[in-house]
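Next come two complexes, and both contain chain A; in the first it sits with chain B, in the second with chain C.
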Partner chain A sequence: MGFARTAGEALTRRREASVAVVAIGLMIYFQLSAPVFLTHDNLVNIAQAAAPTAIVAVGIVLLLVSGEIDLSVGMVFALAPFLMRYAVDFYGVPAIPAILLAFVLAAGIGFVNGFISIRLRVPSFVTTLGTFYFLQGVVLTTSHAYPAEIPEPARGDIQRWLGAGDWAELTWCLIIVGVFHVVLTRTRWGLHTISVGGNLLGATEAGIKATRIKIGNFMITSVLGAFAGIMEAFRVNTIDPNLGGGTGVTFTAISAAVIGGTALAGGSGTVIGAFLGAVVLAELQNGFNLIGISANPFFLVLGTAILVSMVANQYLSRLRRAGRT
Partner chain B sequence: MTEALQVEHVAKRFGALTALRDVNLRLDKGEVLGLIGDNGAGKSTLIKIICGFHRPDSGRILVDGDEIVLRSVDHARSVGIDTVYQDLALVNELSVYHNMFLNRELVHWPLLNNRAMRKRAKAHLDDMGIKIPDVSIEVAKLSGGQRQEIKVARYKGCVCK
Partner chain C sequence: MGKSHPKVTEAVDTLDLNPVTRRRLLTGTGMFSASLAATALLGACSDKQQSAAGEIGNFPKTPKWKFVFVNHVTTNPFFTPTQYGAEDACKLLGVGYQWTGSKDSIVAEMVNATNTAITGKADGLALAVVDKSAFKAPVDQALDAGIPVVSYNADGARDDPGTNRLAYIGQGLYESGYELGRRALEKVTGGDVVGFIATPGQLNIQPRIDGATQAIKDSGKPINFTAVATNADITKGLSIIDAYVQGHPNVAGMLAVDAGSTQSIGQVVEKYKMRDKGLKVAGGFDLVPETLAAIKGGSLDYTIDQQPYLQGFLPVLALYFYKISGGLLFPAETNTGLLFVTKDGVEPYQTTKTRYEGSDTAKKLVDRSGAIPHP
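Let's turn to the complex of A and B:
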């Protein structure tokens, strides 16, 4: 009884815990129904599916917590590898500076998203819907809708360390998740991010520069999207205009954040939860594949998972508010 | 003797609306001043100008006899002007002590110095005889009265003039 109660309290208090339980439960279930699930090769598959989503989801969490959203990040994901390629192939920039240049340009895109949303007061949902299509236009026009090869100078070690290695994406993902977990929970930036999302007027009156915090989070999200996109291009060994499947990455990342316990209303969210959310989604997709269910019902499960976790989230936060936990 | 705060001929317009016209105010050290008026009289606008949230269209503000152009809430706070708002200032999602130190956090760069903030917040609340069981609790869980106490405590703790 005592243990059950403590566990119950932990579940309601730490939002990550319930997602962790689901992730472990799925792992056990799939391992029992398809014993290849926990083999090395398959774990690599899951890691490679979860990592890019989780990296993008980290940015999405920061934005959702500060009361904004970015739909365009999935297109930054596809654009960034092209930016790197153009810098290398057309301007002769070495590989690493070319990647950094892609990050800088991504940060610029994030700045534009933030500037239009915050300074010009266009809801970020609409702003980033616009930039999403605009960037899609940039990707398709500049690439002529054709995939390209990874530029020669970026191959070898760089490609391996930044995506193609078995555990490269997961390693970077864990570093990013760790860093931003600390940023969100233990730094002024995180505290102010929560404040502007939780009580914008109150935060501004306390002297917090909400514009700077929000635009900063748009920039972080874009750069994380670019990083994940470049790693994904390295991994699949081609630069594809359809990398991430258009809206695919954006929506999976938002789903991961939401399943992980981040509220769309702003003010609360967890980076670790989003990571676990991405793991759950990757497990589902992979496991369904292994036990021979077609990819189609995956979306039934995804939809149900989002709805159930949101309803549970509402219920739990009401419980927390009431102080009963 | 110079006044701690002096407001001279301040005016503020929002588009076609004139919120303040030729407002003057003098405040000595240690003086408590009540500002009374109807709804929409411009009390909040004046306060927001004094605390650096709004810029006046004309007129000037003197702190300790020196004219100062307040650039921001932070700037006003740095010269010793601070504000308690009626009901907006707390962030429900944050703990009591984070709220008490909002935007004036103690930092152990790059991390927040939560331990020191917790300790000081607790000592401060004890000093004022405010009973909050745990300063780490989220503000959302407090009662309305407790929230009001936190807000007052938050501003009594700072160097106000």
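Let's turn to the complex of A and C:
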């Protein structure tokens, strides 16, 4: 029982611990059933599947915590690599400034999302649904729904450092997770984000500029989406209008955030948890593929596994709360 | 913890698990055990766990090779017969296959699945190359690792297969589009002709529309050909085609290069009685029931069969021969056919429920009689 108590105490300290236990449990299970699971090459596979989702999920956490949501981020994800390509191929902008330009435009999209949601008081679910379709139209129209190649000036080192290298995506992802973990837990911006999501009226009366905080978080989310999208395009070596599958990446990122322990209702959340949530989803995807489950039963297994792991997660969280009293 | 139910032990024993997993599964507690049991039991539904094959016919005993098919629309009914084809070939040869990739044509997911197959040490890969550049590196990696790779159903662009795969097994996509257009030209001499394509740029269908465009251009007739994008979602595609027709009531020809758009053309032609207006020809691809009914009813003139069953069966054979001959029997470029199905010949497709068309799971002999049609 000594071990259980120590483990219980560890769980009380960190909110992310329960999803971490699930992630490690899955790792052990998959390693036992498919011994190549923990080889270098396969870890690269998992890292590459988890990282882009996790990066988008970081932004989603900030928004969920501040009481908003962004559905359009999946389309910013698909649009950003095209923006970069247009800047390079049509306007002769060098690769790095072109990428930065894509970030600026993404921030602009985030601003529009925030402005409409907060200033014009359209619920962000509806606002970003609107911008989702609008941006999808932009992607399909400007690309003629045709995939493009990575522009020549962006190839080589830039492509490798920003996505194509084995660990590039994971490295950037860890940096982003680290930075935003600090932002959310240690800075005024983070404190205000939590306050406006937890109690908007109280926060406003305490003098917090809720509009600024929320619009800022929309902008951060869009830029993170753009960054993840550009890295994915670099990794798969093609700029595809269907990159991320539109709603697909948004949905996975929201799932990762919620699995990681962020409340859908706002006011509480964890960036590290979202990262672990993305890792869990990537492990499930990769592991069952490795075991050799074909496409049709795959979703049956995946769905079951998500339910079972999350029931386990809840059970562990309850242990954590019980341990605290 | 408590003892396992004997039935559970029995079920677990049928799985090909290593001792540690088995013990954990049987003695584990709570959610962890439940999770293991659920996933392991479901996992047993896949084809992986079968006993190693003995000698088959004249072929020697081989390990239980696993060939991985990476597909762009894994759950699309078009590929149901393809999966039966792969399964039948595997049963025949005592090997196994896995059907994976993306459900929604997301290239990154296909690349992930391909990489997973390579690290999982698959014995062969069959890949639908729907993007010109994304699969080059994964295929090279597979070949470097000694894993033979063939492409099926889609093979990059017309001028660039996009990978260093050993061979392509599927329809000549550009050629089939060219034939689609040429056939239409038998009835159309001028006016507006439209070509619908669900996902422009996807290389399993884009070459077809390129081919059709070229055929019409080559004819020199005063035809105004436009390509119109529909949607991978068939309901949205139907609305788009419906809207097009309302805007162009006098269109002379309607073509489509994918199963969804083809069936939608049939429905729209029927709905607006286009045959009584200026429509001279309507045709497309594939044999979904709605399309067959439209051909029977005269809304569509023809559809092209690309024999998806063979696109699953033949890649397994090619990979098997490569493995069994130590690489001496090299996969051959294979055209799985270009067969026009018209009103005269549509009947057997509609009435026969067979595994070879994906309309039945049963393994049964399909009889035929009478002369074989020929020109």
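FYI, the second predicted complex is superposed on the first by the 285 of 325 C-alpha atoms of A that agree within 3 Å, B and C clash if a C-alpha of one lies under 4 Å from a C-alpha of the other, contacts with A are read in each partner's own complex, and residues count from 1 in each chain.
The definition used in the following text is that a contact is a pair of C-beta atoms (placed from the backbone, for glycine too) under 8 Å apart; a residue touches a chain by one contact, two chains touch by 3 or more.
Note that the structure is a prediction, hence the values are computed from the model and not measured.
Peer 1: For A:Leu38, select first, second, both or neither according to whether it touches chain B, chain C, the two together, or no partner.
Peer 2: neither
Peer 1: First (chain B), second (chain C), both or neither: which does A:Ile175 touch?
Peer 2: neither
Peer 1: Check whether A:Val126 is in contact with chain B, with chain C, with both or with neither, and answer first, second, both or neither.
Peer 2: neither
Peer 1: Have a look at where A:Ser268 lands relative to chain B and chain C in the superposition and call it first, second, both or neither.
Peer 2: first
Peer 1: Counting residues of chain A in contact, which comes out ahead: chain B or chain C?
Peer 2: Chain A has more residues touched by C than by the other partner.
Peer 1: Check whether A:Gly25 is in contact with chain B, with chain C, with both or with neither, and answer first, second, both or neither.
Peer 2: Touch partner of A:Gly25: chain C, not chain B.
Peer 1: Should A:Ile96 be classified as contacting the first partner (chain B), the second (chain C), both, or neither?
Peer 2: It touches nothing on chain B or chain C.
Peer 1: Overlap of the chain B and chain C footprints on chain A, residue-wise?
Peer 2: none
Peer 1: Residue numbers of chain C touching chain A in their complex, please.
Peer 2: Touching chain A from chain C are residues 17-18, 20-21, 24, 30-32, 34-36, 38-40, 42-43, 45-48, 66, 71, 74-75, 83, 96-109, 111-113, 115-121, 131-134, 136-137, 199-201, 206, 229.
Peer 1: For a test of understanding, state which residues of chain A touch chain B in their complex under the given definition.
Peer 2: The contact residues of chain A facing chain B are 182, 186-188, 191-192, 194-195, 197-199, 201-208, 267-268, 320-321, 323.
Peer 1: Which of the residues in chain A come into contact with chain C in the complex?
Peer 2: 25, 29, 32-34, 36, 39, 41-42, 44-45, 48-49, 140, 143-147, 149-150, 232, 235-238, 240-245, 248, 285-286, 288-298, 300-301, 304-305, 308-309, 311-312, 315
Peer 1: Could you please specify the touching residues of chain B with respect to chain A in the complex?
Peer 2: 53, 72-74, 77, 83, 85, 88-94, 98, 102-103, 105, 107, 110-112, 114, 138, 140-141
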